[in-house]
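Listed next: structures, encoded as structure tokens.
Both of the next two complexes hold chain A, though its partner changes from chain B to chain C.
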Partner chain A sequence: MTITHHPDMSTLMAFSAGTFDEPYAVVIATHLAMSEGGRDIMHRLNAIGGALLDDEQETEMSSGALDRLLAAADQPDLPEQITPSSDVPLPLAPYLPNGLTSAKWKWSGPGVAICDLPTRDESSSRLMLLRVAAGRPVPEHSHGGQELTLILSGAYRDRFGLFGPGDIADHDEDVEHKPIAEMGA
Partner chain B sequence: MYAIAMSEIGSGKNLGTPSTEPAALLRLIAEQGDKSALSDLFLLYGAKIKGVMLKSGANEALAEDLVQETMLTVWRKAGLYSTSRGAPSTWIFTIARNLRIDQLRRRSNRPYEDLARVEIASEAPSGSAVVEQSQVIARVSLALKALPAEQQEVVHLSFINDIAHSEIATRLGIPLGTVKSRLRLAYDRLRPLLEDLQ
Partner chain C sequence: MKMLNISPSLKWEPDCICLVAVDAPLSFRSRLIRTLQPLFGL
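After this line comes the complex of A and B, so read on.
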């Protein structure tokens, strides 16, 4: 998979810092799952956190903290939460346990369907799937803030070029674009 | 065509002075379940993680709990650490960050956990460059301190104080675009060093 459209560096930095709410984090994690190059950049960004942690001022731990840790280390680990397998990248699978085709689509104009994905966060962002028929315009889903759009399959084209699987459009509110879904994709 | 989309609505002196490299301590835990290596890692990192958690908005008790959780995760997952995941400090930072998202912000850290599984599955084994990784981190830390004050400020507010970019903009009374451009400039300064990590 060749990724040509990457998130803005400041978007990746927010992901690395961990300040995004769930909808952002899901879209970026899914993109990174599809992009080896993106994961390399994320490793580099995480080193900023590593260096800052090294430099952090030490704050005295309560007495007994080490004993508490060593006692806890003897306890067996809880089984890991396993994400069900699905035809979507792993970070998206908890939201679509039965894959793309099982999504509950809502008609949203000719050739366009939308499926809202519920998130745990009480965030001010919305996570949704879009399905757009070939040759149809991709609907605007922004309401005046940042928007991230990640292509899972197929492609669309706008004035920024062709966006295929793994490509992400990372736009501020002031970006005007009119993406059209590609034929035969 | 299918797409997934989202949009908005609207110094180093330590008590006990452990003698071994953190990467070697992680290996001792992974291979031998060595609890004295866990003690040493706790002495190296516990008080620093607590400092980060307090700055992230945790109270004293929660910060202590998050240190415990972080170190316990290090103990249990040490076998998954490899140098391709960065220096030990970087790996421990990401563990602390994920717990902070989950417990301090009460947000889902699931995307991070699932991405980590993707990485483990796709990672080529790598056995070298442990020492170089730590040296690079030391150089990154020097470079961070050499950044212009306004860039250092936004990097700290984001990575350590755990504040969203839009909130940083509000606090500093600057446009969101300025917060983002300061972060991009900081990355450009650090980039040559960070690329040495690969």
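After this line comes the complex of A and C, so read on.
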């Protein structure tokens, strides 16, 4: 898998710092599961973050902070009842326990379907799957801020180039584009 | 020439599947709706 479109560095830094809402964190974690180069960059950013923390002045922790940290570290990455499907990367498995075949698609226009993936946090951001038939354009749409789009399968092309599996489009609200799903990708 | 395989069940094959995060509800508005809106003063 050759990945040519990566997240913006500020996006990776936000993920490293743990400041993203759940939907964004899931997209970046899934991208990193598909991108060895992305994981390498993330290791470096985590090291930089660690070095910055080392330079901070020591301060008193709230009571029970260590116990909460150790309890969180003991939590399994995946609930026991989830067996990762072979057709979705591991970070996506809790949201699609039986893989892409279990996605509940809703018609959203000719050749376009959406599957909302419920998240646990209460942010206004939204996580979803978008499915576009080959040769069809993604409909023009609006959104209030950053939009992360990770290709899981197939490909699309827009004015920024060709996006295949593992590639990510990291756009803010000012970017206008009209991706068209590739034929035979 | 590559031919599209369109089955009777209208299964989209091949297609593109993306994982998307947006920070507000994504709203699709069709060209028809955008054309009609001004006519109805919306």
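Convention: the second predicted complex is superposed on the first by the 154 of 185 C-alpha atoms of A that agree within 3 Å, B and C clash if a C-alpha of one lies under 4 Å from a C-alpha of the other, contacts with A are read in each partner's own complex, and residues count from 1 in each chain.
Everything below uses one rule, namely that contacts are C-beta pairs under 8 Å (C-beta built on N, C-alpha and C of every residue); 3 or more make two chains touch, one makes a residue touch a chain.
Nothing here was measured: the structure is a model prediction, and the numbers come from that model.
**Student:** Does the chain A-based superposition show chain B and chain C clashing or fitting?
**Tutor:** Aligned on chain A, chain C clashes with chain B.
**Student:** Determine, under the contact definition given at the top, whether A:151 touches first (chain B), second (chain C), both, or neither.
**Tutor:** In the superposed model, A:151 contacts both chain B and chain C.
**Student:** Let me test your reading of the model: by the given contact rule, A:135 touches which partner, first (chain B), second (chain C), both or neither?
**Tutor:** second
**Student:** Thinking of the overlay built on chain A, is A:183 touched by chain B (first), by chain C (second), by both, or by neither?
**Tutor:** Second partner only, chain C.
**Student:** Determine, under the contact definition given at the top, whether A:108 touches first (chain B), second (chain C), both, or neither.
**Tutor:** In the superposition, A:108 touches chain C alone.
**Student:** Tell me which partner A:30 touches in the superposition: chain B (first), chain C (second), both or neither.
**Tutor:** both
**Student:** For the overlaid complexes, name the partner, chain B or chain C, with more touching residues on chain A.
**Tutor:** Counted on chain A, the partner with more touching residues turns out to be B.
**Student:** Once the two structures are superposed, pull the chain A residues common to the chain B and chain C interfaces.
**Tutor:** 21, 23-24, 26-27, 30, 92, 100, 123-134, 141-156, 181-182, 185
**Student:** In their shared complex, at which residues does chain A touch chain C?
**Tutor:** Touch residues, chain A against chain C: 21, 23-24, 26-27, 30, 92, 100, 108-109, 111-112, 123-135, 139-156, 181-185.
**Student:** Could you pull out which chain C residues touch chain A in their complex?
**Tutor:** Residue positions touching the partner: 2, 4, 12-31.
**Student:** Spell out the part of chain B that touches chain A in their complex, as residue ranges.
**Tutor:** Interface residues on chain B, with respect to chain A: 1-12, 14, 35, 38-39, 42-43, 45-52, 54, 63-64, 67-68, 71-72, 75-76, 84-87, 89-94, 96-98, 100-101, 107-108, 110-115, 117-119, 122, 136-138, 140-141, 144-145, 155-156, 158-160, 162-165, 177, 179-181, 183-184, 187, 190-191, 194-195, 197-198.
**Student:** Quick one: in the complex, what on chain A touches chain B?
**Tutor:** Interface residues on the chain A side: 8-10, 13-14, 16-30, 32-33, 36, 39-40, 43-62, 65-66, 68-70, 72-73, 77, 81, 83, 89-94, 100, 119-121, 123-134, 138, 141-156, 172, 181-182, 185.
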